[in-house]
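Please read through the structure below; I'll follow up with questions.
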Amino acid sequence: MSNFIRKQLPMLFAFFAGMVILVAFFSGKKIITDFRSDMQVWVSIIGGFTLLLGVASISSVNLQKVITRGKDWPYKLVLLVCLAVSGGFGIFQGTESGTVYDWLFQNMVTPMMSSMFAMLAFFIASAAYRAFRARTLEATILLIVAIIVMLGRIPLGQLLFSELPVITEWIMNYPNLAVQRGIIIGAALGAASMSIRIILGIERTYMGK
Amino acid sequence: MNQTFLEMTVAGFLILSIFSFLYKDNPFYRLAEHIFAGLTAGYYVGLIWQTVIVQQLYVPMTQEGKWEMVFPGIMGILMFTRFFDRLSHISRISLAFVMGNTAGIFLVQQLHGLILPQTQATIINPLSGNWLFGIIPGGLVIIVGVITTLVYFYFSKEQKGLFGKTARVGIVFIMISFGAHFGYTVMARLSLLIGQVKFVTVDWLGLFNLN
Amino acid sequence: MVLLATIIPFIAGFPQPIHISKESRDLYDWVENIPDGSTILLTFDYYPSTIAEVEPMSRAAIKQCWRKNLKLITLSTVPLGGPNIAERVLNDMATGWAVEEFGEEKKYGIDFINLGYKPDYKAVILGMGDSFRRIYPTDFAGVSLDSFPIMRDIDRYEDVEFLFIISDNGIVDEWITIANRQFGIPIGSGVTAVMAPKFYSYLQSRQMVGLLGGMKGASEYENLVGAEGMATLFMGPQSTVHLIIILFILVGNAAYFIGGRKP
């Protein structure tokens, strides 16, 4: 019984869910597509709980560090307080504009997240001087095309050479397109075979130990 | 967005705290980092509570009589058994259900949504499309590029002889594409910095007016 | 040096030509040809980190749509911030720009609506193909969709004219392979410059009608809509910083080769 719940039952659920999608796609009958649609609502709800699982994990780890006065525990306490405040206002006051939840998001989360990504510009500048070397033919081609595209995408580039934007567009619409399509097709073939393996229960690594 | 000076000061202080990491790790950065992590996690709590637990479970069950929604609710709660070693295997049921659904959608997406239309769009007149400087036909570039890229990424066969030469052409195409990608990536990252600089210098501190 | 290159154009301000790419023009033209008064889907599929790059696209899209009196159904598949970003931008445009342009506000529930967020984007996009209301029984605030005039007779992709995606992640693939391929809704998108190179394949295969790539794409679109905003303003600093980066690459390589290829 234990083995059935550990292995066979989850495989049956995966097979059933996958087959509903495939049968609905090929048959197109309303009774099956309606059932597929209801199933998507169920999956969406379970997906929401999965997000909460992540939050619960963060809370548990950091609470442990605060209780045991581990390394940097004051920072972990700040984290937990912020979590409680933001989550609490979200639950009791709501999440729309004009709430404390929304205020925290617009005036604290947004600027911080934007800054974290904006810092990458400095690292790119540093790497441009120190690491981007035309050591091989391939690297030289990469750098030359990068410079053409970087110039072609700015108005100053058009002032330098009027055909630069046209050349850039051609690079994007032809050689770049071809490579991206090759990668898309290759990746799609791999993803399709993985999907079949999951539905048939051959691939079970997502279940863990 | 119309922010008050207090709101801009809070945002500006946090922005500068994050940027202080460029000098070195420091308490301001670590504080901002942990505030960010806490607020983000709390954001998820509030969002899922309202959009899933209230709007998709509580209201349908209690106000619309859809008591069948208790089943996805239970399956969602079963996910939390992962915290308990003796019960963690029960969460596999919910996980497998979601994975099976995702795999089914994925299969249709990849075959019907990607491989077929993309392959179809590659079967074109080689002389079609824009010609670069009137010399290189775009259509031919697409056909040759797709085939040589696929050949390059086929690692089950040793790349030598004609196969190896074809892969070599593929590498040239890939480097062109990666160069273009690099140029676009630089553009993207710089755009984000410009936005933050504008906020700090113009909106918050009012150091100068925009021209 | 990078910081200075960013700040100086803000102070000096130099006007620069904007070359309009074909993919931006195609997107603009497609929206222009949608019958006035129709309903379209507009997504806010981006995180707060890329607001500087893609929010100008959202604003320009709203301007073009509201000038044609298109009704906007907005939603987000991004859990961190999407629905709140949508709220802020829509409220700002509806009470600010719309009053300047039309002399009156745009009304929530009549001219636009924010459906918010629901988890698991694949399930959401596929489920919406059969019924919007099954996936989104209410709007973001929890009010039943049936109480809004904008949602009257709208419940599936075939009831809307167009899907305009503004995104900073790979969700565009999901919309194209599910919503466009399986349910036939035409799609156009504005994406960050990091994502843009990948989507040229979809343009050529006609799975997408137009594409805005990064801040340059946003500035082109603002130009076409006739409402120059932040993206057009930011092209000045963008130009100078690009030149700095190119200079760094050239000087770095010159030093490398002159120095006998020593790392």
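Should a chain be cited, it is by its letter among A, B and C, assigned in written order, with residues numbered from 1 in that chain.
Convention: a contact is a pair of C-beta atoms (placed from the backbone, for glycine too) under 8 Å apart; a residue touches a chain by one contact, two chains touch by 3 or more.
Note that this is a predicted model, so its numbers are computed, not measured.
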item: Both-way neighbours, i.e. chains that touch chain B and touch chain A; value: C
item: Dominant chain pairing [most C-beta pairs in contact]; value: A-B
item: Distance between chain centroids, defined by C-alpha means - chain A, chain B (Å); value: 4
item: Intercentroid distance (Cα basis), chain C paired with chain A, Å; value: 18
item: Two or more partner chains touched - positions in chain A; value: 21, 25, 39-41, 43-48, 50-51, 94-95, 105-106, 109-110, 113-114, 116-118, 121-122, 124, 128, 143, 146-147, 150, 153, 172-173, 176-177, 180-181, 184
item: Sites on chain B at which at least two other chains make contact; value: 1, 40, 43-44, 47-48, 50-52, 56, 98, 101-102, 105-106, 108, 110, 112, 114, 118, 121, 142, 177, 180-181, 184-187, 190, 192-193, 195-196
item: Residue numbers of chain C (touch at least two other chains); value: 2, 49-52, 79-81, 83, 88, 118-120, 123, 126, 140, 182, 193, 197, 201, 204, 214, 216, 238, 241-242, 245
item: Partner chain A, residues of chain C touching it in the complex; value: 1-2, 16-19, 21-22, 47-52, 79-81, 83-85, 87-88, 91, 118-120, 123-124, 126-127, 129-131, 134-135, 140-141, 182, 193, 197-198, 200-201, 203-204, 214, 216, 235, 238-246, 248-249, 251-253, 256, 261, 263
item: Residue numbers on chain A that touch chain B, as the complex places them; value: 2, 5-6, 9-11, 13-22, 25, 39-56, 58-60, 72, 75-76, 78-91, 94-95, 101, 103-122, 124, 128, 138-139, 141-150, 153, 167, 170-186, 188-189, 191-192, 194-196, 198-199, 206-208
item: Complex interface listing, chain B residues touching chain A; value: 1, 3, 7, 10-12, 14-15, 18-19, 21-22, 30-53, 56-57, 69, 71-73, 75-77, 79-80, 82-83, 88-90, 92-108, 110-112, 114-115, 118-119, 121-122, 129-130, 132, 138, 141-150, 153, 170-187, 189-190, 192-193, 195-196, 199
item: Residues on chain C engaged by chain B in the complex (per definition of touch); value: 2-3, 6-7, 10-13, 49-53, 79-81, 83, 88, 92, 116-120, 122-123, 126, 137-138, 140, 142, 173-174, 176-178, 181-182, 192-194, 196-197, 201, 204-207, 213-216, 230, 233-234, 237-238, 241-242, 245
item: Chain C-touching residues of chain A, taken from the complex the two chains share; value: 21, 25, 33-34, 36-41, 43-48, 50-51, 94-97, 102, 105-106, 109-110, 113-114, 116-118, 121-122, 124-125, 128-135, 143, 146-147, 150-151, 153-159, 165, 169, 172-173, 176-177, 180-181, 184
